[in-house]
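Contents: one structure, followed by commentary.
Chain IDs A, B, C and D follow the sequence of writing; residue 1 opens each chain.
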């Protein structure tokens, strides 16, 4: 067993265990922190697969931005932690379903001959980042632009959703005031109409 | 001549339309006189035609003056075929119609709907003439339905009377049962000859290969078609069991009972069979059927008349019975003999009805004979006329009924078959019954004491009423002497059955000595003892006779049968409507399907609970299942 | 030696756990979002594994895109949660069933 | 010679109807405008009738323009004898209805008139279009004004009735569209002449026949598809019922003779027995149901179904006739009977509905049990009613006799049983018609309105005209027969040629 294998098993078991912990834990803050742990470990895994650019992005963007955002929201909302799972039935069901899923997909992996698509692994001299950049800005330039646009939309959408349009304060609107007439405010009723 | 024939129906149609649609400017009396005049003119035309037909031997007038429908090979025209047979019928119809027209001017003078009445009878005469002079089956059917329609309208003339409007519906419906079969018969004849035209049919009759035709229900093609035609005639001519409408039809005004329900319309069936005699001649089963129906009608309907108390109904039952005689004669192919009886019967039965009308008028619309009696002195002219009518109907020697009825009996006896022998005996008993009920009526109404209050207020009617009676009385007395004409009369070109007739005197002497005379004498004494002297016999109170009497008084439950079947039809109808149409088709399928879909969607609705994890579960679960299926198929 | 299968089984496990996470979670919508992030992570890992072993950079490019889109998604998701919290004063999933038919 | 006369006939009423939808000022102008347009259409159609050449076999007054080239759809109009007669029937009925409507007191009068005008134009379109898709469009569009008429101006339960009516007929139309599209996929044309020339295999023909026959059977309506009609009639306003009975049902029958029998005769022949049975059931069973209806309109509606049974019987016995006699004349007689029945029933049922509508206007009830002795209070109406009831039971001298007679004699040639069952209508129709008369017209008066409520002059004119038409058609049927003869021969020969 070489060192890489040891590292792999170590990292993988940390990820699996913490993800199990993540789904059963009650405290949202803990969950978020567990997620950070998972992402860090995943970045290690990715590094082992020579995807250093993505590993760095994962840590920087995901852990640095998205998960911090999660934490912000958690703090902001001030959620009371309640007991999560109430019925054992649900637990049973979910475990059952994911087990079947696992078995099915495992059968795919097991029976499928992945060796045929494997090629000799060559390591680019200019590094992984260069390769990604090259194909991103040549073949996928349009998709790249779209992604940028999606991010823009996401920003605007997030703002739009939470932009509070409700008027809470008592303000005067002179324009409306001027347009009001006597008849619209006051109605004089005669005796018989009452 | 052709023009005259065209004019006869047109005159009547004009009369009907003018009187019916005219405004109030045309007064009652002038309307009556106008239409009577038009009928009279038509009558004169028809006499000219009759005269001409008899002058030229073997002349047949045939023409189509209007093409009603012509689609490729199918041609239906309106025209005429006048031979001796139809010329005589034409004359009879117009004569009775004229008499009734005149009579009605006085009889209906107090009615509000006087003009409507005249319009109807003119329309009736028109339809009847269309029927009589028709040269094809469709025209016959048109006239046939037309007279049925007018009969319907006239029975319901007093439309506020519940019994009248019931009776007219009944009459029309029963006639329609006959019509249904009649039109089927016509369709069968058409399918055979590819024509409705009498002439074509009669010419081709020998060319048809009857052996190779389809047979239905074990009857040959021709048998069945003639049977259907005859069922039509049964309804129109009130034969058992389709006779039930005729007694009820007496709800109509009396003149139309005379015209329609005694003299003309009800004899249309007889006329039709006579007209189509070349066809009926070839049938076997149907002829026997006709014979049985006719003779049983003659006997059993006569029996009912003995126990009736309504003067018009007595005469109505006697009409049915006499029609039975005619039909029975048709059954042994003695068409002209039957027609002879039709001829004489038209006069004396119309006479009896009109006399009854006169009596009813004098007694202020009382029709119950138990409230009459001793009217002889007060209504002398009516009495004499009624007497002549009665003598005729019972076949008193030398009156017209004597000739015609005796001829039927003679012919029946001559026909060598078992059925006709049985029929002969039935008709003979029928003759006895006829004597009894006719004389009963005469004795109860005109003899004895008046039972309806004061006799003094009763007066004889005006001359307008009496003249028609006298005219008809003359015809009733003397029309029988035309026997020779009828015996020799060909229908179309077919001289039919050989009728044993050796001349007037031998016939009379033979007739007087025949069993019919015994029936006459027996009947006379029976009626005299029972109804004139009103003697009581212990025998009449015995259990059997009372049972017999009550059995006859039920009228053999035919009315109940029809009421039952019409109620049953209504019940089935409403059952079908509610259970099948609304219940099954509408409820189960049309409205039920959307309801089922709605229910299904309610069930499906609960699947979308709104909870995120339910959706996710469904989603994943489906993926798992689909994935599993794919895997199973791959591995 | 760590083969491709090891990585694949690992990411499969991760995926199944996150699916279970979606079902198990009945209270906290934030945990749901986190499970989705986890799922995406396993998918991304798969991409990278295949990219690595078949020596094709395209897989990694796609991971890049997925990361971007996931970031956008979680941003909007969080925004929605905040808005939801304003309205309902809670983010419990079992209280949200506005879509009930 | 007016060119494009058919287009004029179609679009003048439709466009003026659309104009009327938006005009709602002066009631008088509205009335005059409506009657004038209807009269104009009537006059145009009479012009069409006069200029029609009876002995020409091909379609006349043809207008043919390409419309949608990629889908082979044309704007193709033309008439033969059958469609000319139906157009005349249509314009007469709409003209009478427009006059009858003058008496009504209703809301949204302009839109009411407009619906009728549009229905008028669309029906003419149905009868004159020779392109299957064009036919389908008119056929479908006709639903809209009828739906509005029933749904807006109908009785208490109008929503249910109108939706039932709409969905029922719409279901059939979908099948019709599918079969047209299938035909197009085979012969790439919707042109009627190509349709007549097309040959399909037996299985294709059977399926096409079933789809199209169901579509038209719903419209006619035939027996198991008939339940929309009584509801629609009961709920529709009087003029709506008149149009429904007199025109709309005929569209289905026209579809049979134009698009089913000549196009897929083999399919029709192999399945004709089922449709004959359904027709016979319609005649006998639906007639029986009519007897105990308590709502006069429902009774007449059921009797309509029963009479339309004759029409379909006449259509479907032709194959058996052909097998038995192989004489084209027999086919023509049977088809003539059916078409005559169509036209006659148009007038008879229209008049009956007008009578019932007028009774309803006065007594505010259509229930037979509520009424009695109308003869005492409204004699003119009652006599007309009696006349129309008698016409309804097929009395000779009225138009209905001709059709029934021809069909009964033809059906006997095909099979004894058919004739037997179909002739039972003589009893059944007399039963329901005259029992109705007995209960409503005769007897003592039940509701005494104590006013002079008899027909006014306008109504007298309408009823008299209708009665006159019925009588004229009854005693001079050759007028119509001559008109149809060449076209029917053409159609029969097409059918026989393809068999």
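Brief remarks on what is shown
Keep this in mind: a residue touches a chain if its C-beta (ideal position, glycine included) is under 8 Å from a C-beta of that chain, and two chains touch if they have at least 3 such contacts.
Keep in mind that this is a model prediction, so the values were computed, not measured.
Averaging Cα coordinates per chain and for the whole protein, the chain whose average falls nearest the overall one is D. Our note on geometry: subunit B versus subunit D, Cα centroid distance of 37 Å, whole angstroms.
For the pair subunit A and subunit D, the distance between C-alpha centroids works out to 67 Å. Averaging C-alpha coordinates per chain places the centre of subunit C 66 Å away from that of subunit D. Mean C-alpha positions place subunit A and subunit B at a centre distance of 98 Å. Residues of subunit D in contact with two or more other chains: none.
Contacts with at least two other chains are made by residues 613, 617, 620 of subunit B.
The set of subunit C residues that touch two or more partner chains comprises 19, 22-23, 25-26.
Every pair of chains meeting the contact definition is listed here: A-B, A-C, B-C, B-D. Subunit B makes touch with subunit C in their complex at residues 604-613, 616-617, 620.
On the side of subunit B, the complex with subunit D involves touching residues 67-74, 138, 141-142, 145-146, 149, 152, 156, 159-160, 162, 165-166, 168-169, 172-173, 176-177, 179-181, 183-184, 186-188, 190-191, 214, 216, 566, 569-570, 572-574, 576-577, 581-582, 585-586, 589-590.
Those residues of subunit A that touch subunit B in the complex are listed here as 90, 93, 97, 100-101, 104-105, 107-108, 111. Of all residues in subunit B, those touching subunit A in their complex are 613, 617, 620-621, 623-624, 627-628, 631, 635. Subunit C makes touch with subunit B in their complex at residues 19, 22-23, 25-26, 29, 32, 93-94, 96-101.
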